[in-house]
Amino acid sequence: MSTIKQTPDESDPSVKNIYQDIRDSRKTNYIGNFWRYLAFDSSLLKNVWEDVKNLMVKDTIIDKKTKEMIYMAVSITNNCSYCTHSHTATAKKLGMTQEEHSEFLSIVALAAKTNQLVNGLQVPIDEIFDADRQD
Amino acid sequence: MSTIKQTPDESDPSVKNIYQDIRDSRKTNYIGNFWRYLAFDSSLLKNVWEDVKNLMVKDTIIDKKTKEMIYMAVSITNNCSYCTHSHTATAKKLGMTQEEHSEFLSIVALAAKTNQLVNGLQVPIDEIFDADRQD
Amino acid sequence: MSTIKQTPDESDPSVKNIYQDIRDSRKTNYIGNFWRYLAFDSSLLKNVWEDVKNLMVKDTIIDKKTKEMIYMAVSITNNCSYCTHSHTATAKKLGMTQEEHSEFLSIVALAAKTNQLVNGLQVPIDEIFDADRQD
Amino acid sequence: MSTIKQTPDESDPSVKNIYQDIRDSRKTNYIGNFWRYLAFDSSLLKNVWEDVKNLMVKDTIIDKKTKEMIYMAVSITNNCSYCTHSHTATAKKLGMTQEEHSEFLSIVALAAKTNQLVNGLQVPIDEIFDADRQD
Amino acid sequence: MSTIKQTPDESDPSVKNIYQDIRDSRKTNYIGNFWRYLAFDSSLLKNVWEDVKNLMVKDTIIDKKTKEMIYMAVSITNNCSYCTHSHTATAKKLGMTQEEHSEFLSIVALAAKTNQLVNGLQVPIDEIFDADRQD
Amino acid sequence: MSTIKQTPDESDPSVKNIYQDIRDSRKTNYIGNFWRYLAFDSSLLKNVWEDVKNLMVKDTIIDKKTKEMIYMAVSITNNCSYCTHSHTATAKKLGMTQEEHSEFLSIVALAAKTNQLVNGLQVPIDEIFDADRQD
């Protein structure tokens, strides 16, 4: 159950072209629900796909598995169930082992714990963290 | 300005011992405010330091710079200013370049954007993401 | 599956009266689950309904469609699935077109993205934003 | 620095009356900034003060110290710095000891940690938690 | 549907021992899904169980029902559905009445409302809240 | 205090060109800190500015004042202090009156309150909200 009616097919040429690019770039025929629902506005679909393609699908400075784990960390913290599922699945495909997955979860859980302690204590920021003082 | 009175010195032996372990493990004489404020309860200080030491300071499966970037992602998403400052400073010390920092920020920003779109559209989860179906 | 047992009927007079007011004010016979579950405490039901009635149902300064879009923005950001569904449905009834819905989603997504960048960069606030300096 | 110009005095009779009620109910002459800023709209001030008075200032079922600790838990999790400071100060006035404060912080930190693990693992809800099955 | 394959049985001795401790400490044979999914990494299971046991299951300074209500407040604010269900069920077992549940919900709702007002107004923190000034 | 060293000048031509476009599009000479800090990576600056320009600065379907209020709602809910200040200032410039500001704050506060109640009660979604059933 979604807030929009699902796009029923790929008859819109602008949607079809983007789907083709997704399929080619990702080397898979499968188009996930995220893209199928974004397709209710082809310009939004295009805007998001270009961001994802340039940053997550193309080779960049940070390796792909790490990029997915960073994405997972944000998605888990925002409690986005769909996003957590999709990026965990992708990280696994890119080689994230069960041991790495477990250690990753330990880190995001510890971060949430210490974030909460800092908020509760209202810890003042050390001057030493000032980027202008680091070299 | 904090919700507790700052611990004024290191006269409590249980606090002193943990501070010594922090100094030895991290190879620095500096004790950050987070630890100084946690010291208002030495058992809480001990509990948190052991988690941080075992997971973030010791060598584990995921490399240290990546671990800090995962920690940063959670802290930024939770909008914990202290935590963002302290873990960004640590990641830089561990070799995170300006290019990596910038790419990292682009990823956490994109993740927040797509998390929000998924929430707004209420996208149903693809069956293909089911961990039991992946092998 | 809820954390309380669903209120089974409208036999409680104080609940019945509020339901009648909801039906009259909204010109519909349908009472949504939110009100049915709140009814487990009729004073809480009354408190919330009066807030909603005065602010969202009555004519006020901001037009009704815009009010629902503001409500949607909060609900999406808080990742409240029920609230996102119910307020999107209401906004549509009040005339939100598919084009407006799409542009709205683009705005809340962009806001989440730039919020995240500001948190990651820890951008200092410009003095020019001070309300006391604006006139 | 605020998003509105601070209300400069208590010349507005509707504001003055509410301030008097705050002073009488709380048995203090001090009016905190929260109320001073809310006063930019006296009807909003009235709405919020009545909620706070009925729920937090008056004697109700849950004891006052516990009510403040519940309020603190929400404020810390939402990372509301002002709210964390003000409700921690109130809880202390109501008798929250340093030992209780410390244990409280340990609980909210543990809750954040396990919330994050549940989100990361996407744990399905046990049928046994269904309120309709509990009696 | 979870991000990991469910642990199928209790054949791993380290998992079995922790499950036995959970059963003994909680005086129930039932092991919730949270523990069954955490068991995919027995060291993480052990770490979390020890925190929960020491803080939530053992007798400490704050009474058990209040501890669960604090836990609920964090879980609701983080919108963790599983956690809200499980800790509400536990609080009820520990004696939380329907009247307390209702008042609790009114408090967490009011806190979210005033947190949001403070954020919107950007209210400056009163000097009087400074812990160093309180005695 | 930021996590990066502030960009000291506009000597980088790619930054200078974007700043010129910001100045021209917004009809102001002032460049806010957000843009000055984003400039540490000119490609990120360009990506964000193009999104903001196309959606918020250009005339689109939703009027500019409403767009800023939607942006404010997300920023307040995410507790992004900088963003709340900057978008409130912009909304005021675009004509948001004090009465509208106050009503807006009442709505975002009520939304946070009812979001929290829905999370606490775990209200099931009405079938009637299904977009596929609406026409």
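Going by the order they are written in, the chains are A, B, C, D, E and F; count residues from 1 in each one.
Just so we're on the same page, a residue touches a chain if its C-beta (ideal position, glycine included) is under 8 Å from a C-beta of that chain, and two chains touch if they have at least 3 such contacts.
The structure displayed is predicted, hence computed values, not measured ones.
Counting steps between touching chains, the shortest path from subunit B to subunit D takes 1. The pair from C-F, B-D or C-D that reproduces the interface of A-B, where over half of the contact pairs by residue number are the same, turns out to be C-F. Because subunit A and subunit E carry the same sequence, their contact can be compared by residue number, and under half of the numbers here are used by both. Between the Cα centres of subunit D and subunit F there is a gap of 27 Å. Each chain gets one centre point, the mean of its Cα atoms, and the points for subunit E and subunit F are 34 Å apart. Annotation for subunit B: residues touching 2 or more other chains are 1-4, 40, 44, 47, 51, 74, 76-81, 84-85, 88-89, 104-106, 108, 110-117, 119-122, 125, 129, 131.
The residues of subunit F lying in touch with subunit E in their complex are 72, 76-77, 79, 81, 84-85, 104-105, 108-117, 119-122. Subunit D meets subunit B in the complex at residues 79, 84-85, 88-89, 98, 101-102, 105-106, 116. Residues of subunit B touching subunit D in their complex: 1, 3-4, 40-41, 44, 47, 74, 78-80. On the subunit C side of its complex with subunit F, the touching residues are 1-4, 30, 32-34, 37-38, 40, 44, 48, 51-52, 55-56, 60-62, 66-67, 69-71, 73-78, 80-83, 85-86, 88-89, 92, 97, 99-100, 103-104, 106-108, 110-115, 117-126, 128-129, 131, 134.
On subunit D, the positions that touch subunit C within their shared complex are 1-6, 47, 51, 125, 129-132.
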